[in-house]
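Presented below are the structures under discussion, each in the form of structure tokens.
The following pair of complexes shares a single chain, chain A, combined with chain B in the former and chain C in the latter.
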Partner chain A sequence: MSALFGLIRKEVYHILRDRRTLVVIIAMPVLQVILFGYAIRTDVDHVRLAIVDPAPDPKTLALRQRFEAARVFQTVAVLPNSRELEPLFQRGIAQGAVLFEPGFGERLGRGVPANVLIVGDASEPNTGSIVQAYATAVVQGYEQELSRGRSVRIVPTIRMRFNPTRESSNLFVPGLMAFVLTIVSSLMTAISLTREKETGTLEALLVSPLRPWQIIVGKVAPYIGVGFVSVLGVIAEARLVFDVPLRGSLSLLLIEGLLFILVSLALGILISARTSSQRVAMMGALIGTMLPTMLLSGFIFPLESMPLPLRAISVVVPARWFVLVARSIMLKGTGLAYLWRPTLVLVAMAAVLLTASTRAFHARLEG
Partner chain B sequence: MRRILFLARAEVLHVVRDRATLAQVLIVPIVQLLVLSNAATFQIVNTPTYVVDLDRSPASRGLINRFAASGHFRVVGESASLEPANDALLRGDVTMVLAIPADFESSLVRNGTAPLQLSVNAEKGSAAGIVQSYASAIVAAYAAELDATRAVRASSEPGGRATIAVQTRSWYNPALNYRDYMVPGILVALVTLIGTLLTAQNIAREKELGTLEQLNVTPITRGQFIAAKLLPFWVLGLIDLSIGLLVGAVVFSIPIRGSLLLLFGAATIYLVVALAIGLWISTLVETQQQAMFVTFFVMNIYLLMSGLFTPIDSMAPWVQVVSQANPVRHFVTISRAVLVKGAGLDDVLKPLLTLVGFAVVTLTLAVRQYSKRTA
Partner chain C sequence: MNAATAIECRELTRRFGGFTAVDGISFDVRAGEVFGFLGANGAGKTTAIRMLTGLLAPSSGRASVAGHDVSTEAERIKRSIGYMSQRFSLYEDLTVRENIRLYGGIYDLSDRDIRERTDRMLARLGLEQTADAFVRAIPLGWRQKLAFSVALLHQPRVVFLDEPTSGVDPITRRQFWELIYEAAASGTTVLVTTHYMDEAEYCDRISIMVAGRIAAMGTPAELKQRFAVPSIDDVFVQLARAPS
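Moving on, here comes the complex of A and B:
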């Protein structure tokens, strides 16, 4: 047993002495919480609008006034014709444009439909459609005013459940936990085990009286510690800086976290057992664990929108289930009653992967 | 000059002979393009929606049909009470609940207005805001449609009312295809990864193996060494960009509206920045593991703040300012402007000049930082 502790101590020294890696592991999650909180947003606001009004009249001026008054719009240019419009879009100066036809007010006065063309820069499709919807709403509001409220209106009340202000930090913290745990558990473990292989020091460990499982435990235990510290840091920062709620039970969250760590560690060991150089291990960890955690867990991008093959793959991505569980616990305060299914999936994954990874490691030792 | 070429040739042989690196250079870009362009989107399609229709009238049916027909929403469940809807929301099975009150149609006929309740699961990704915008747009369009049928009736009466005919156009991407937006951005990520990660890793590897020491005792100068190291990766980056463009054009048929010459011109400048950052990282680290971590750390921040995944315009104001110091942002802007919008040289002159500035500054800093150390 003391041999095991000796190995753990050695590994801890490795981690503590490699300052640069340590700084990255500690600093990355902290910075990422801030980044995700402030940078990863999709709200469309302060839309830069160009107006093309060939023959200004009281009616077009009144409608333009309404665009100026709408908080979401910001008029950046008023042009007499549409010829100069394209460069504004190409340079990204304007995101949307409203084009009046000549004689707009006169037609409106006669009761003939007056034409307005609304253009959105749809190179980013969401922004394009949302800009169009906003602008259409402004025109419709004006029309309603003209017809003195005689037109049909449906007034939707929109409730944002579980995260009323749609704080993006609330959304990302659970996903970020999964991400940090993956980096520390899978990537670091895979690299650290392969490095011992590459430098030949694993051979030395193998001829020592340590049992194979002791070598594995000794190598990975310190990383569990680092992972936990990182995660606690993320949770603390989320609470202190962004006021992210923790509505459910902390102990359940930590237990699920431990389950996820086991899965990730098993993956890391599996990768290291199958590779012989650090570079291949990095590639394997990157493609096998990091990218799926980032992309296919529903952490940033909605899974529903993805094509079927990717959705099918996402089912075997452990992070998908952990993100689901962590979000539910933190934001909805749900308990095991709702979460037994994803929890069971994680347990099954842990069982399968741990068996497979110890087997793979054994096989290599004998071979 | 001959020394540079010799060393560069050695470097090329290394890359070609090492399967891992070759895979990194050739396969990763293709995988990245295929996966990222499908996975990294905020495209709103088939959002699972639960409908609680307490009215069961032609008007409420009509509204539900508009939602289903939009392609953005998919009705996965329906019931006559709110309870199962809330349950589905809590379980996370649905993203939105559309609740239509019992007096929906009658109140529309009587007062011309009707209430409606939309509950969006805001916990589900940052797409919730977009889901809400699309839902509101559908509701508004439906109201306008109902209004038009009333207006027909009204205009048969004397003194018909004023109408404004609104037409909308989606420039540059009329089919609202998200891939057309993502692929030009992903190309940038690809070039960045090759340039920075490979450079940092490569030099760190020579350090680890001790072969850097050997090079340091040769008469080769610092400038020659750096030039020889960077040259192959500079070419590789351009090759990768070509592969990526080819895949994008053939598989995804993304638009190429502007001049490719301009795009490649910008890429050659941008690659200098990416390589210089890689070189700079390699001077900071001792091992490949560190190189990988530091690169990953830097790349992460750069890519997330570049507007590649989420529009710069949506970011917090101070982030928008800070992101000006992000070279990736400027190349993403150029790539999208040239490919999607067909922008010419004078349209992208500002980001292009910014990149030139970055190239000069980062390369100078990296070269100064790099020393043929003896200790």
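Moving on, here comes the complex of A and C:
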């Protein structure tokens, strides 16, 4: 046992004395949260609005006036028909549109419900929700003003373009946790194990009475600690600086985090077992773990809007399951009762990968 | 096998697929002997050492090290041997003292033993002043000597040195060999591989491997006489040129 402890202590020295890496590990999550926090801002103004008014009348002009007066919106075009709208959306000139039906004012005058169609570009999720929320509010405000004493109804219909379900952008924190853990667990483990291979110290450990599992545990245990600290840091910063909610159980979140750390560590060991230089290990970890975590976990790009083949691939990306679990815990307050399925997937992945990585390590001994 | 035999090898063989890296080698090394293990790159030295240190299972044949069978008692062998490779076996970002403590712990020495042996080792190497310096900061020759002493820290019965002096200047090599003699004199068996033929002359006995087999074995004087050449270098070149 003291042999293992000595091994862990040595690894902690490695981490603490490699100042540059240490700074990267500590500063990166903090910077990432700030970067993502401000890049995906929830308050947006000057949403570029196009108005389609085929038959202007006093009522449509009055409502248009209200849209122009709202700080949130900036009218970029007034069109006579909806055909010209599509290119504006495609080129990103318009982020939202309000379409009046012909005879809007006349219907209101007759006391018949008048229709207005609100379209939002939801490929930017926030803009999508803002168009929906504020445009509806503007329309309803006008409706209330008109309806004094009379029965007036304006029926807004909402349509979202490009990404109809509008994933909320608060979701970046769970994804970020997955990303940070991947870096600390997979990348750092792969690099530190291959470094020992390169320098020859691994050989000295292998001919020692240490058992392979002790060597592995001694190598990776400190990185579990580092990963945990990073996750706590990200959660705290997200709460304090950006008010990202943590509605579910913190301990469940940390346990799931630990599970994900184990999966990532196993991947790191696997990568290092197949590579012999730090540079190759770094590339392997980058392509094998970090890119999938960035691109295929739902962290940045919603899985729902991916083509089927990519969604199929994402099933084997551990981060996809962790992001799902972390989002549910943090944003919806979901408990294990509803999360056992993805949790089981993570447990299975951890079991398979840990077995495979220990095997790979043994195979190296034999080879 | 008796207590005076430290390494006993009988028809030891290792195949990788269709390739036979070590082809039925047999030899004995007496306790306290300095045994030179020579051969060109790819002759099978490293594979043989990996089998003798319990890292690699033999395909056939048998061998025992310090009285333990390599096939069945690999774990006990690991406790009885020391190992130092051509590549460096110390951690450069740990201090001299931390490296010693790490390996002491790995070999289950008590804290008191580690402290005592550390002090003794540092005094013998004249490294007291640099005990708390990072290993990367001390000269290569000293590091090599330190690595050797660390490999002997747990007082193994047999120590394997895989090209321990590569890249070291002649004076340091000389000093290094004094350490080897010291260890042998105190009863430790030394099996050493080298590419320096002058070092081969320092060994009690040497074996020369060619293509997985032992092509010649004996004291340096015997071999020079048998091949009627003035140096081990010439013996080596003759054998390597005409593989048996």
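Everything that follows uses one rule, which is that the second predicted complex is superposed on the first by the 238 of 367 C-alpha atoms of A that agree within 3 Å, B and C clash if a C-alpha of one lies under 4 Å from a C-alpha of the other, contacts with A are read in each partner's own complex, and residues count from 1 in each chain.
Methods note: contacts are C-beta pairs under 8 Å (C-beta built on N, C-alpha and C of every residue); 3 or more make two chains touch, one makes a residue touch a chain.
Model, not experiment: these values are computed from the prediction.
**Student:** Touch check for A:323: first (chain B), second (chain C), both, or neither?
**Tutor:** neither
**Student:** Determine, under the contact definition given at the top, whether A:208 touches first (chain B), second (chain C), both, or neither.
**Tutor:** In the superposition, A:208 touches chain C alone.
**Student:** For the overlaid complexes, name the partner, chain B or chain C, with more touching residues on chain A.
**Tutor:** Looking at chain A, the partner in contact with more of its residues is B.
**Student:** Of the partners chain B and chain C, which touch A:181 in the superposed model: first, second, both, neither?
**Tutor:** Neither partner.
**Student:** So in the superposed three-chain picture, is A:18 touching just chain B, just chain C, both, or none of them (first/second/both/neither)?
**Tutor:** Touch status of A:18: both partners.
**Student:** So which positions on chain A get touched by both chain B and chain C?
**Tutor:** Correct list for chain A: 18.
**Student:** Could you list, by residue number, the parts of chain B that touch chain A in their complex?
**Tutor:** 20-21, 23-24, 28, 31, 35-36, 38-48, 63, 89-92, 95, 108, 112-130, 132-137, 139-144, 146-147, 150-151, 154-155, 159-174, 176-178, 180-181, 201, 205, 284-290, 292-294, 296-297, 300-301, 304-305, 309-311, 313-316, 318-319, 323, 333, 336-337, 340-344, 347-348, 350
**Student:** Which of the residues in chain A come into contact with chain B in the complex?
**Tutor:** Residue list for chain A touching chain B: 18, 20-21, 24-25, 27-28, 31-32, 35-36, 38-46, 48, 87, 89-92, 95, 108-109, 111, 113-130, 132-133, 135-137, 139-140, 142-143, 146-147, 149-164, 166, 168, 170-171, 191-192, 195, 277-280, 282-283, 287, 291, 295-296, 298-302, 304-307, 310, 324, 327-328, 331-332, 334, 338.
**Student:** Within their complex, state which residues of chain C touch chain A.
**Tutor:** Touch list, chain C to chain A: 53-57, 75, 78-79, 81, 83-94, 98, 101-108, 160.
**Student:** Given the complex with chain C, which residues does chain A contribute to the contact?
**Tutor:** Per the touch definition, chain A meets chain C at residues 2-3, 5-7, 9-10, 13-14, 17-18, 199-201, 203-210, 365-366.
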